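Input: one structure, supplied below.
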């Protein structure tokens, strides 16, 4: 029952901070709330025994992305700055839409009778995961593992290209 | 059997002349083109006389005159059974018509050499005359009703071209247009008649149609509409075409206006030849009318009778000499129609038929003479209103003499030809329909009256001062007058009862004096009245006109027929049909099309806010779009 | 797995190699020599295109994650040809002072998106599909925001990245339910057990919405116009033909092979969306004055036509879609090529600037006209055949009314295509764009479009080849 | 292990999180907050995959690996997005999403 | 090489040659030569066709050639002609030839002008020789589209609006046609077997009646729009009014015939059962077209509008006749197409020539032109007479055949509409004579007109070509009607289901 309680705590944290993330008027706080959500999610993964995934979640998400976001917030706004709120009409319509969406989805979810596979669970230790990441047969993930590197490389180059300051233009102007 | 295939040359020569003059005329001297045209027609006339002589007097097999298909080529296959052919059909009436047409046409050609001298478009005039001669000859030679229709249209066009000869004169243009359109309207009836007739009988051919065992007569078709058979209806429709061309009431309105054309044209087309095409048409189909659809024939008779009276009344008050003649023509054609209408078929019953043709023949002579004479007068005084004339007998002796002969002839005084032919008509009418008979009596009197009114007004009456002293027409114009005068005098002695009869067989003709004498007397009364009133300038005409002012006014305004037509065309057709249609087309039909485009543009403009440039709105549409799809396909489908 | 197996992946591997090579060469070039990379890339890519056409292995690798068949190979080759033309057409723009510093990055980003598309097309499971999709999208955003000092470019970038992130989020949400309800991510295994329960339909629709975003189907299209307008013109042309083409390919493959058990449902859905897409695309396109934006909406309408082929649901449908995309690549690149050439030289991109173009630049105008006619589906140019076969496909499934609506929409589209023609030929202009001569690569790029537009229609061989290949994949 | 928590609980959480993320995306005016909303969305998807994998199909690690890849992609996406946001900030001097609507209609 | 393929090839080669010409003189010379060759080819084709028939060749289609194009869709390049197509090809060759001469003085972008013109003609030729529905449709659209440029660039008045309207309406028509054709294709093998685009092969089977009911209106209206079927005719007045001379000639003379030909060859021929069922609706529409167009023409003042409405009326008669579905009426329909093609081309050529001199097309601003420019005046009168159905000119033959054919139906409905349609001959006379009177006759209203020159040699050439053709058909219609009639045999047999007994 311990794990059940754990689950409800995590779930509560996730939901509450999710809502706070998207409603708070302070951007930096939003980032911190997001961090809580992500960490709690990692907790869920731990609970489900996917330790590696949880670790990745913590390092990449909490450690990487959120830090990135906080940096960019610091670059682009003042800490004390309060976010401009959307007008009530927009908020109301959006709220209606997502309530409708959540309802539809949940109805569908509860209508569906999930059947668990009877087969035994695959081991999910770090070693097994590592093996799967370099295996190229069925249920091997060598290909995506390699391919995602292309994405990361491209994203890196792209981010640099977009974000870097242009010097050339200034030079041109000076030349003229 | 004699081979008459050469008769096809009679129309073809004028055609060749037309093409030749039409294409090269403007390069040659005017007189040359005139001479070529005349020569062509002279050739045609000679051929026609040869034909007539060999047909009527060259001996024939069996009793009576057979109808001979001298020449025929297929022109168009329309259905399995129906073929339109072109050819020449030789029978008494067509031969007679050949003679009439070529003669009058030749006279008019010769006359025109003088009359049209110096006119601009001299060659054009002769080209058109040749075209007309071609069409008219083709019409009378038609072997089938469709050929007739073809040439029927062609004469209409030639008439149109000739009326509008002075195309710079708006009135001439209007008149030509009117003539064409009115006859065209009538032709629509003709066409419908042909369609009905040919569909029922599966033939166009005259010989088959008039054959007593042929499909037309033996199967008239049951009562189709208003108790009349299909055949009757088709014949009535066909007669509508004839009535249009022959200016029968109420389709006559174009004829007086047609006098805008050069006078020789009026003589040729609107007196002697084309306008009698309607008579010829009915005569051509006479057996079908008489045997298959007597009801249609009754219609013919009444239309003819009413027209003749109507025209005669109007003629009494007109002042334009050509218009008087035009109404007189209408009146005389009414006579012919009436004669056909009251005729029976075969033997003495066919008296009316014979009389109609006879009158056609004589009328061609004297009416052409009248017109040419009038032309000579107009040529002399450059005016065609009789109020500007008078006392011309001194200046124009030849014209005066021939005109007088023609007047006497048309008045029906024996022994001139008009008497004989008119008398036969009266006889025929008397035996058939007394009402019509008495109408015709009245018309005879009126005819004599208005002709002499015309005669006196021109040649006697007041002494008018002329700017230029009128001088007699040149010889080239006098000669045709003399020839026609000769014809008018003696044509009455031709034995028509032996030559041109309803069944091709000759019959005995008795002069019925009981009818003839009163008619002559009535004519004499008419002449006398005219003499009293118009020989010298008196106040009597005005007094009479004043005493019957309404009648006079109505008559003078031609019973307002033109106004009625104008109302129908200008007001109803133009204003209430054409204009609304034009409006409807531009605004409703086209407006709808433009409206579709407009709606599209409107929609295009109004949905632009969908693309507001705001990412969140895009996302909102995205999400709701997906959700709507979910809703539809998960929960509604 | 032997070395020969890698030949099966030659498109992906070779292009990766080229991308890395470009990076290495670029590092060794002095700033003033940076533009030397352009011909090198062109040659390398040309080589790549040629090798792509060589007969190659088919097969399934990585336990079914990667599938290569003659059909996927031809799809990739079609994309290759398009990219090659774009490479030629973008030379003038790349050489402009703004971009001198970052030429090779352009190529690398472009190639990485292309690699993503390759993987997407060849994917045998949803993981690879998703990965390919993202590789094809994320660098794209960087490309859209390529021109720094232009606010529009940045705006295009942010609109693209945010919208696509949302859409891939929705798509992933759908995928997660697909996984949850079937227990697998492999296409063939999913196909076996997929049925029509509510959750599965919901999952499918979410997945479809994500795909529809890529192909810009209404109502998932709203990013298109803004991004197309803001992005550099060559990126726009890439987005509008290559990106859209690849997405259409994979959509039709997935619909036909994975979701054929609910074909009745997606056909109805596509019916609806096709009408919406064509109509809305047309209505917006009618009013556009900016050429890029105009072509954006036109490409939305064109996407609606593609759906007709998908609706056919048979070999004809498959063939017609692939064939249409091929034709569309040439037609649209012809149009974009002209826009790009003019933009690069004069900086003008409004339709009003095109007034009287024929008097000064007849060749460009003629090419533009041809492209417009081809897009509108007017014979004898290839677009006619493309459209006709799409309609044939739809009619083969009995969708006559839809065909009617589509053809009427094609008529409306003709209206605005003719507006361009009208501007160039009929409208008078005091100050038309002066005569200029494009550089050689651009002209080669344009000429290739002319050839394609003319040859593709009459040369039935191409259609036949595609048709014979399509037999393999359509199995229901 | 997971004890007595049914799968549906996870799904409810993930669904709610997903739509909360969507709500944030639709209403936050700040571009960075919108990006954070995206992270929420991706995170919810991850929960789904992991839960399905664990509860229903534990014989393979498909869902698990999918989540892994999503995390990597999310990182790449965030990197590019933030680069562009910085670019936007330079160009517009603001990261308010409503300011970024130069192109419309 | 198949002689028919030359009809497409020669225009294409001409276009290629024009591309290499340097100036206007060369361009028009090349065009004239090219289209002259085309005219000769047409004459040769007619001759070859007749001699084949005389030699006893009774095949439905002659000079057939078949090449597979898209095997999987069974699309072929199939060509072949029967008497009807031969007649239409002859018409096209004449009108295009005359059109080239009528546009002798086009100076602005003359190369482009002639290229578009000839491209259009190649589409028309292709349409008439095609037996494969796909190629037929392809050529159909090729024929329609150059019209936009031709009107838009070289037109006058609200040319852009008119060009757009015309193009869009015609393309909407072709949208309907496309649906119809696709439907026909997918129902071309109701008993199984490969689907087929081939016109002749499809005619051998019966398309299921439910599909016919659905497809016939599409196909017929689609083609009908090009044939100016009421109420889809409004592109015609605007389009013709704005178009340059040669384009109006070609469009009214030839292109509108595509509508009639298609309605007949595709809609009615392939779907006779539905045609019989639905004919009454369209008969009413076409009868309205006939009368309505004629009345509409009366009120117009612009010469081109008058002629455009007249075309609506005349082309309405074509469709009217087609719907009568018996041999005579169909024969009349074809002759009417040819006749109208020639005379309307003549009219538009003359309007162009007159407009080029007077710079107005308003009849009320002109008058007495006969005196100043007699050649054009006479030509106009001849054209007018042909239009109002004067015997000896082509219009008469056509109209009479149509009316007789229509009268073969014995029921009241057909009788009434026939009489209604026939009444148009009076209305036609009214507007024709009205124009002739106002334009050519009467006093001269504008003294500037006194200095006008009569027709130049190329104008005479163009005019005379057309007049001679009109007269040739009018005077000796037999060969034409027999040529058409023979080929109508199999079609009528299909329409009526009766075995065909030759007329002759």
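Order as written gives the chain letters A, B, C, D and E; numbering starts at 1 within each chain.
Convention: a residue touches a chain if its C-beta (ideal position, glycine included) is under 8 Å from a C-beta of that chain, and two chains touch if they have at least 3 such contacts.
What you are looking at is a predicted structure, and each value in this text was computed from that prediction instead of being measured.
Where touching is counted per the definition, the chains common to chain B and chain C are A, D, E. Contact counts per chain pair peak at A-D. Taking each chain's centre as the mean of its CA atoms, A is the chain most distant from chain B. Nearest to the common centre of all protein CA atoms is the CA centroid of chain E. Farthest chain from chain E (centres taken as the mean of C-alpha atoms): A. Between the CA-based centres of chain A and chain B the separation comes to 101 Å, rounded to the whole angstrom. The mean-CA centres of chain A and chain C are about 30 angstrom from one another, to the nearest whole unit. Measuring from the averaged C-alpha position of chain C to that of chain E gives a distance of 42 Å. Distance from the chain B centre to the chain D centre is 96 Å, each centre being the mean of its Cα atoms. Within chain E, the positions touching two or more other chains are listed as 168.
For chain B, residues touching at least two other chains, in rising order: 608, 611, 613, 615-616, 619-620, 623-624, 630, 634-635. Multi-chain contact residues of chain C, defined as those touching 2 or more other chains: 127, 131, 134, 138-139, 141-142, 145, 148-149, 157-159, 162, 166, 170, 177, 180, 183, 198, 201-202, 225-226, 287, 412.
By the definition given earlier, chain contacts exist for A-B, A-C, A-D, B-C, B-D, B-E, C-D, C-E. Here chain C touches chain A in the complex through residues 1, 16, 61-66, 97-98, 100-102, 105, 108-109, 112-113, 115-116, 119, 127-128, 131-132, 134-135, 138-139, 141-143, 145-146, 148-149, 157, 177, 180-181, 183, 197-202, going by the rule given at the top.
Per the touch definition, chain C reaches chain E in the complex via residues 315-316, 319, 373, 378-380, 384, 388-389, 391-392, 395-396, 398, 400, 403-404, 407-408, 410-412, 414-415, 418, 421-422, 425-426, 460, 463-464, 467-468. Partner chain B is touched in their complex by these residues of chain E: 165, 168-169, 230-231, 233-235, 237-238, 292, 295-296, 298-300, 309, 327-328, 331, 368, 370-371, 374, 385, 388-392, 396-397, 400-401, 403-405, 407-408, 410, 418-419, 422-423, 425-426, 429-430, 433-434, 437, 440-443, 476-478, 481-482, 485, 501, 503-504. Only residues 22, 25-27, 34, 97-98, 100-105 of chain D touch chain B when the two sit together in their complex.
Touching chain D in their complex are the following residues of chain C: 126-127, 130-131, 134, 138-139, 141-142, 145, 148-152, 154-159, 161-162, 165-166, 169-170, 172-173, 175-177, 179-180, 183-185, 225-226, 229-230, 287, 293.
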